[in-house]
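Got some structures for you, see below.
Paired with chain B in one complex and with chain C in the other, chain A is shared by the two complexes that follow.
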Partner chain A sequence: MRYTEFTPYDIVLLLQGLSVTLWLFVASTLIGGALGLGFAVVRYYRVLLLRQLVHGLAELLKNSPVLVQLFLVFFGLPVLMKINLTPSQAALITLSGNTAAFVYVIAVSAIEAISRDQIEAARVFGLTRWTILRRVIAPQALAFAIGPLTGLLVNQLQVTSLISVIGVIDLTKVGHILNLRTLKPFIVWAVVGALYYLTAKAVAYAGSRLERRLRAHTDWKGV
Partner chain B sequence: MGFDLSILAKHVPFLLEGLWLTTVVCLGALAGSIVLGIVVAACRTAASPLARRLSAIYVDVFRNIPFIVQLFFFYFGLPEVGIYIEAAPTGIIALSIAGGAYTSDVIRAGILAIEPGILEAAEVSGLTRRKIFTMVILPIALRTSIRPLGAVCVNLVLTSSVLSTITLNELTGSAKIVAAETFRPFEVYAALLIAYACLTYAVSGLFGALHRHVNRHTAGEVA
Partner chain C sequence: MLSVNGLCKSFGTHKVLDGVNLTLNPGEVVSVLGASGSGKSTLIRCINGLETFEAGAITVDGFDVAKPKELAEARRRSATVFQQFNLYPHMTAVENIALAPVEVLKRPKAEVIAEARALLDRVGLAHRADAYPAQLSGGQRQRVGICRALAMQPRYLLLDEVTSALDPEMTAEVLDILKVLATTGTTMLFVTHEIAFARSISHRIVFLEKGELIADMPSADFFSERGRSLPRVAQFLSKLQGEAL
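Let's turn to the complex of A and B:
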């Protein structure tokens, strides 16, 4: 017996797929963001050797397809290091690394956007290096970077769809399963596409709200 | 078993075939997305509100839905409506439509950057609207947008790896076959990662050279 019709349970299936996509998106964003920031700080303090290594790694990750990175981690790493990786673990490692590379680039340009005078002024006041980084550089760099970061996150959300290829049951994989069962590609992929679209719009909206709040201090408040 | 690249040697001709297919698909998609991008950019900067609205929706939709979902929509959907084409043309069409959204944004920015004085001069000279667009606006807009077009092309090359999921044996697809045959996935995918990085490096170098060549007389004005 073959169920070629849509059932109410399919909605649950789609939502499950969406939750897997969202979970991996949030987790890889947090890990990748922290890693990328760490890389940027390494560059800011000009740590010898580590700086060149980080830069080279970021360039390599930015200039190669995420699909190949996924294959390298999921198929290559276990064979080379004789370990076991589940598809979700491989996906998390790859997506985090990829996000880190892009966050690094954004963070570096955001730090460089702050004028040297401010840092010199802070030094003259006798602030420590850590206080300068936390109180002077970080707030301004964040306000500068939030726009590009939102763009990056919308992009990374779409990149998560590639993990379906290594067998993670995310939204795209659920779409694939439904498509094979019902043989109604237009409806299935339109619904999956719409879910991705709405999620991306939600991320973009949250980003623009946050940006407005972070930039609120620069608004003209009247005399 | 350690890291041993020499096992790849006898598979190089096979991988080069994949590289050739990647090149052909990318060139086709680049041509397609530039043509589509010019048309859509013309619509987005048109006087008619309807054309502006429709083209904005197209760009919004195709930038916010993952490429793999779009690809499956076409790959499984086209036979449904009686269009039977192979994986390669399907891939070129899907890549062109997705790339067109990004290309149109780049060309639109180029059009909007043109000085109003130039357009007024063209109108005063009595040129028709069609002539103004094809002979005045377009050459200037394309010339200034070569560098961002290079970035779009780099993205096309990276995105073309996704075509391996619809049985198209381009570079990533043939690497998958080699990895399965040799059972040395780490070596294969690590080499592939480097190969893609070199490829995108070459592409952006090529576009940089083109930019310098086309803008050689206006070096002072166009940074």
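Let's turn to the complex of A and C:
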């Protein structure tokens, strides 16, 4: 006979799935964020060749489905490089790359949004390119970028659900498992959806808090 | 000495500066006059290294601004005040002033901040030291801009139409400060449309016409028969007769 009731252990299962999702989300955000910023700095310094390479890579990642990228990494990379990849590793590589591409785009446009005038002033006063980036551009660019970045992260959190198809036991995969056992799709998916929703809201809340702080720093209210 | 020799600069096919020669000696106040588009601002932008030029040479105390290795040293000797202020909007007045002395001159932060506050006090802005540029009026912003330049203790102060973006009242605020600077021996290259004021503070006046420097003479001469003997200068001055010269 098939056991279709929910058990208290299902909560543990859901939380385990959620923690896998969160772990991948946080790790890919950190790695992808650092990479994306690195890409933007390469562009800022107009590094020959590397700049074109970075731009091309970002274009590829932005304009192809994450699921296809995931398959390419999980099934393709081990064959090409003769290495073993666990589903989690493949998921982390793919999500980090994807986040990096979008962080790069946001960072570049935030840097370009800063008026040239003040950068000219900084140059005339003898500040180096690096100091200008660090002291003049970065603080303002961050204030511009934090809104789009929050939007991106909320989206990337949802995108992590794709990794369940290569066998990572994330929140969506746990939903699958529970659904197959209990045959109560409406309840299972509603609960799973609610957990994503709450996490996304937490990310958005943190983002808007940070944005308010960064904007307060540049108080735009008139005289 | 700041010297400009045979400076030529074009934007595309348009010649903006055509063989300009100019020297600025320590202690001098030299005003650059001329109609809009005569190349006055471009001259300043060439001197501070924001524009490259095709021919000629600019040296600041012997350092050639066209040589990347010497540009930093040349820039360290001059400081620019901009028409549009160009303050850093995310920094307070004090932070705007202190940034370059700390980062470029590597001076201790506490000392620089104290000095920045003293400078702001000198221009009557002690009470606005911790305000952001967006919270200041145009005249106040430009006074911060002047303090920012002075904090670098430049040997040459380059002023690029510093009152052009200000209304008359704010213009007066800024000019009052420049007057004090001029009388206390600050070396200034003063690009301006404020003819009457230029006359009152300058040792020399240079006049640019379509990129050519057609007059370089003591202020008193420029506004008397000698200046008026040049047809273009006479024409320029005659338009300003409404103004009390």
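Convention: the second predicted complex is superposed on the first by the 215 of 223 C-alpha atoms of A that agree within 3 Å, B and C clash if a C-alpha of one lies under 4 Å from a C-alpha of the other, contacts with A are read in each partner's own complex, and residues count from 1 in each chain.
The criterion applied here is as follows: a contact is a pair of C-beta atoms (placed from the backbone, for glycine too) under 8 Å apart; a residue touches a chain by one contact, two chains touch by 3 or more.
Values in this document were obtained by computation on a predicted structure and should not be read as measured data.
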Check the residue A:L149 against both partner chains and state whether it touches chain B (first), chain C (second), both, or neither. neither
With both complexes superposed on chain A, which partner does A:A58 reach: first (chain B), second (chain C), both or neither? neither
Applying the touch criterion given at the start, work out whether A:V136 contacts chain B, chain C, both or neither, answering first, second, both or neither. second
Touch check for A:V108: first (chain B), second (chain C), both, or neither? neither
Once the shared chain is lined up, is A:V174 touching chain B (first), chain C (second), both, or neither of them? neither
Touch count on chain A, higher of chain B and chain C: B
Would you sort A:F125 into first (chain B), second (chain C), both or neither based on which partner it touches? second
In the superposed arrangement, which partner chain does A:D117 touch: chain B (first), chain C (second), both, or neither? second
Same chain A residues contacting chain B and chain C, which ones? none
In the complex, chain A touches chain C at residues 117-118, 120-127, 131, 135-136, 139-140, 143, 217-223
For the chain B and chain A complex, residues of the former touching the latter: 1, 3, 61, 64-70, 72-73, 76-77, 80, 154, 158-159, 161-162, 164-165, 172, 175-176, 179, 183-190, 192-194, 196-197, 200-201
Spell out the part of chain C that touches chain A in their complex, as residue ranges. 48-50, 72, 75-76, 79-80, 82, 84, 86-90, 99-100, 103-104, 132, 134-137, 148, 152
Could you please specify the touching residues of chain A with respect to chain B in the complex? 59-60, 63-69, 71-72, 75-77, 79-80, 154, 158-162, 164-165, 172, 175-176, 179, 185-186, 189-190, 192-193, 196-197, 200-201
